[in-house]
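So, here come the structures, one by one.
Okay, so subunit A shows up in both of these, paired with subunit B first and subunit C after.
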Partner chain A sequence: MKVRMKNILVWLSLLVLCGTATGEPFVQGGAIGSQTDDGYNALGPVVEQPIEFPHNTHAGQMGINCMYCHTYARRSAVSGIPRLDKCMGCHKLIESVKDKPRIKKLFEYWEKKEPIPWKKVHDLPDFVRFNHERHIQRFYFREDRPVREVCGYCHGDVASMTTARRVKALSMGWCVSCHQKDHLENAATTKTSNGPNDCWQCHK
Partner chain B sequence: MSSSNIDRRDFLRVLGISGAAATLAGCGNTSIESGAELVESYVQPEDFVVPGVGVYYASTCTQCGSGCGIMGRVREGRILKLEGNPQSLISGGKICGLGQAGVQVHYNPDRLTTPMIREAGAFKPVSWDKAMATLTARLGSSSTLSGDQIAVLTGEISGHQKVLLGHFLESFKSANHIVYDALSPAIGQAANKAVLGVEQPVLQIDKARLILSFGNDFLGTGPSPVHMAAQYARFRKAPRGTLIQIEPRMTLTGANADRWYAIKPGTEGVFALGIAHSLLQHQEYAHAVPAEIAEALKQYDKDTVSEVTGIHADAISHIAGMLWEKSPSLVLSGPSAEGHVHGFNNAAAILLLNLVLENRGKTLQGQASHPFPQLTPASGSTTALAKLNQAMSAGQCQALLVMGANPVFTAPTFVPFASNLAKVPFKVAFATQLDETAHQCDLVLPLLSPMEDFGTHVAGYQPSGVELAIQQPLMERLYPETRGLGDILLDLLKQRQPEAYKAFPDYYAYIKTAVTKAKPVFKSKSSDDDFWEDALRNGVLRLEAPPAALEAHAATVKVGKPQALETDVNFPFFFVPSVRADLRDGRHANLPWLQESPDPLTTVVWDSWVEIHPTTAAQMQIREGDILEVQSATGSVRAKAYLFPGIQPDTVSMPLGQGHTGYGRYADGMGVNPFKIFDPMYDERTGELALYATRVIIKKTGEHARVVKDEGATNLQQGRKLVATMAADQAELAKEISRVTQ
Partner chain C sequence: MSLSNLIKNWSSLRVKRPYEDQYKDKDYKWAMVIDLDACTGCNACTTACYAENNLPVVGREAFSKGQAMHWLRIERYWGEGEHMDKFPDHGAQFLPMMCQQCESAPCEVVCPVGATHHTPDGLNSQVYNRCIGSRYCSANCPYKVRYFNWWQYPERAWPNPLEQQLNPDVTVRSKGVMEKCTFCVQRLTEAKNRARTEGRRVADGEVTTACAQACPTSAITFGNLADDKSQVARIWERQQIKLASDKQEKDENLRGYRIFEELRTYPSVVYLERVRDSEA
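Let's look at the complex of A and B:
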């Protein structure tokens, strides 16, 4: 009896170990059925926002560059949330949608001069330091790739969503898989290089 | 099957494996939490605000009186780190550890957040309206107090806060602004004034080839350590200047010296006159002093001086030889030479060497005259406190306003400040944090931190020209119920003289008007607003001005008979307190960064200790960590022994600044307060407290505790000869100078 119990426990733990020790946890682990578009079981939950912001209208139909609103992404480590007066800069002048409930809500925040309490969708652990500026400068400005594609490497095709949902794993193995690829150094050359492989690049 | 079937070892084994599995799973992104945090955006930020990118604003450091220009890195509206401001000649773009810790004054968890009134013996938080009503009931327009009935007690203070304080007191027909500095340089200043004609000459360390310093810790606790450290770096560049330090207990500057001599405390003047006597043997110095002084100096032959001071006789001719060889030189007197009964005479004798060596105008100069004398700092003294103490004791003082001074902590036991303070009917403390003195007040008004307030400062030590330093907020106020000292004073003045102050809605408007009025002095052609904006952007207004000439009054130096120190059988040890560059008189003990940074000489942290020479310790069979009782005629403290070779063998030393009982979580209960064992000894000439004249006896208590320090192995330099040193007596003069041997 005692021996059987011990064996079962040891085998059980080994099973758990196999499932996770082979490298990237989210390829095989993670919530079953929550598959991201690049094959990880790591789809993020639907996050309810104070205003259901339609990315699909702005970036999709209107074709507004992501960085028109997310203006800090090319200048800082964090992309930041667009400032409220950015929204108002356009919406003060767009009469046709002024009565829509979402726009009314926007005006309420503006009149109270209160920031909109957006919920964070793309979160990283505190020990990871991701730099937006580096990635945007490299892929958008130097390699001249389309902005929807560049932002989409990590954020998915937000232009087809309303409020954003995490559709990429954002795990270490997932980051590394991209850093290992050969990327063109700039738009005018065929020379390639990889992303940095040092621990301290992200963990500092 | 019950769980008892699994024994402990099996359980641990299973736990180990599944634990490892859990850890591996944890290496993924389990701490990513979509939707768990808010990412609030800005509503209408300034254009240059970029989240994640720091912006630098110029301001002025208020941690000590040096008036260093600083830059604060502000990100997402928060001050993160301070740097030096290159526009300021005083800081030269550098900052010291004490300055770095300035952000902890601001973020200190023990900060006061609301006004408090004493009710039935305990503090009770009240609104500002109530606090100001209480204040104006006593000190507003209806107040009948006048003259000596009201007093303001501050630390060193300059700029427009000083001006407003003066106006406030004037409105009561009072001039009772008492400036108290527990570590006042007043004795040295008086000697400078008598011999050189100015209180604080400008030291041109970088122009000297040799510095002979009698306990002057210009790198650690001098009048402008950041500026002097930069000068010192240039002094040490080729051709490398030589630094000789003579003091009873090694300071940070002493640790940097080429030659370090341990001297019996208080005999510095005798040694200086011994060197003067030796120098006068050379033909070129023979007429440097009046004949009667030259005659009197004949008593200071090297054997007599050696016996009095405890320094080897050859050292005198040795140092004199080096002074002769390496010109221009600079001779400095410091607190450990000045804090004695004959402190003034010591300092004057040391300054006499500068006259003999003709250093005036070469390495010593006068400060440029200041265009705004009303803004220059009122420098503190201990006699001022004694005067206030008497007035309080006699019941003259009806209202006392305290800011930037903590005499309940720093006053020695024979100045019963705390008990006399109780006799004052109305006591108001203006502070960012409660300290021992504020704890005894009736009303406590919470001030803005230096990172939240506007201000103007003028340093007492102006190395070149004149700087008016501007302080501006580096972030929004943390606590809505805090206010600036200037604003409170202005409110009180508006009550008393509404006509004169109605034009100024707040202190900001007051200093903006005052500074822009000074535009012609700075020869600016820009508009008022541009001039003010430039002042804020640069953090400093500079005015180039020629240095003043120094006078020479050699005849004021009294040269008496060289007197040996009396021995005291009851208290056989000299007690030399050490001033830490970070804690100073204890006002910074509330900053954990400073508590945890190791003392530069001993590496001890968060504590007090007793430094004792290893030879003396061996004789008394004292080991490191033995708890010693250090007893003087007035009191005693207990601390752990630390064996320290950088000390005169008949001397023990303890650092000041620790031993708080009401200064917040980081200060309270750390170490002991040696201010409380000082003997009532005073400098004969100035009446200032002689901080280095106390005698003590050392008693072993039999207890032992580990000294918490970063040093590692107790043997110096980890048992390896990392920095080569030798006894000063063994050094060969011929290897150091060439001219003597020719």
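Let's look at the complex of A and C:
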């Protein structure tokens, strides 16, 4: 009897777990009609930024490497937004757009010696631990994939946007579904491994 | 997490009992040694733990009801009998008690929602956001080292501007959630991340827990048992303690022991008995 009870408990807890575990893709309750290209109702809201920064001209047309501006992606948990002096390094010398309203605003911040108050677009809950370094090290440095593609797994094609918008679900089901896939360990082998599946890697 | 994945990994999520030396094939198995002879009961470890892990100070009233949140507490034992009569000024013996990170943890199996698991590196995880506060785990813990948030502490414990002192790598827990010592998992993850990028294993002494770091007498040793050159592994070896054994066959004169070993929890913390000079 005791053993049966234990079995029932195990199955009960399994059932409880499955409630959150089955049914991929995990359709999150985003706004109706906010279907992303990988089938999640999860398009993020449009975030008004202090300056409408055009990713499409910088990263798209000019082809500046994402990690020239988002320097920390390869070596820390957060990617970081570039400092104002990184913008100024170029824009002080670019005469063609100096009189445009957005660039004038840029110079205003510079003269006031104030940072631009960019707003956060992608924001995981505080109980989630996320790490850029691990993903960039794996996909960009080991597997040797192009940076625009690697960032695109989780951010979509930012190089075709102006200011960034969240176009991926970033829900637990979505993260885990990629961790379950077989990923090459590096570009030179056919050996594969998964991303971590242990709760404590993503939760703190 | 899909069903197939859960079933595939069931045995690692629900460890029944460790096998002989099975941990040695892994990269990490975190463990600890506490030398009670060196412990002076100064509470520096507890204080460090409060600071590192965002533990709320609950106040006198809640404390008296047993609602304190000290993940690491110093237990006091007053000797009995002849010894105490002879040497009353010997005072208390101290024993720092925290989650023993059991290999076969009684708390894990009773969680109705699977909020507490075994991690691949041998820790008992506690996923706060999954926890529904049934408190079964605490009831089943023989060491009584799981603490429940009876109240919404954060606003009370860290009024503005004290919230600035919170550790951003550790979730601030809210009412209705169980919590316990994590062996400072945020530090371990950080160290493993650094080592991974450099393509190596975490070196001995590269990472330690807040309590071990703060201990003025170095009574606490923390490290990776799977690395047989690490300090903890060497002490375990010297004390003839085997992780997967519930009754150690060891030399009588050795000081090492694990608490409640006979309950088959296979804890990861070894205590070194205090040496008392009965003539002194």
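One rule holds in what follows: the second predicted complex is superposed on the first by the 175 of 204 C-alpha atoms of A that agree within 3 Å, B and C clash if a C-alpha of one lies under 4 Å from a C-alpha of the other, contacts with A are read in each partner's own complex, and residues count from 1 in each chain.
FYI, a residue touches a chain if its C-beta (ideal position, glycine included) is under 8 Å from a C-beta of that chain, and two chains touch if they have at least 3 such contacts.
Only a predicted model underlies this, so the values are computations on that prediction, with no experimental measurement involved.
Colleague: Of the two partners subunit B and subunit C, which one touches more residues belonging to subunit A?
Modeller: B
Colleague: Touching A:152, do we find subunit B (first), subunit C (second), both, or neither?
Modeller: neither
Colleague: Could you tell me if A:126 is touching subunit B, subunit C, both of them or neither one (first, second, both, neither)?
Modeller: After superposition on chain A, A:126 lies in contact with both partners, subunit B and subunit C.
Colleague: Go through the superposed model and pick first if A:180 touches only subunit B, second if only subunit C, both, or neither.
Modeller: A:180: touches subunit C, not subunit B.
Colleague: Once chain A of both complexes is superposed, is A:200 in touch with subunit B (first), subunit C (second), both, or neither?
Modeller: second
Colleague: Would you tell me the residues on subunit A in contact with subunit B in one complex that are also in contact with subunit C in the other?
Modeller: 12-14, 16-17, 21, 24, 75, 125-126
Colleague: Would you tell me which residues of subunit C are touching subunit A in their complex?
Modeller: 1-3, 5-6, 9, 111-114, 117, 119-120, 123, 125, 127-130, 169-172, 185-186, 189, 193, 196-197
Colleague: In the complex formed with subunit A, which residues of subunit B make contact?
Modeller: Touch residues, subunit B against subunit A: 1, 5-6, 10, 13-14, 17-18, 20-22, 24-25, 27-29, 31-45, 50-53.
Colleague: Hey, which residues of subunit A end up touching subunit C in the complex?
Modeller: Counting only subunit A, the residues touching subunit C are 12-14, 16-18, 21-22, 24, 75, 125-127, 129, 131, 133-134, 137, 176, 180, 197-201, 203-204.
Colleague: Any idea which subunit A residues touch subunit B in the complex?
Modeller: Residues of subunit A touching subunit B: 1-2, 5-6, 9-10, 12-14, 16-17, 20-21, 24-26, 29-30, 42, 44-45, 47-48, 72, 75-78, 80-85, 110, 113-126, 165-166, 169-173.
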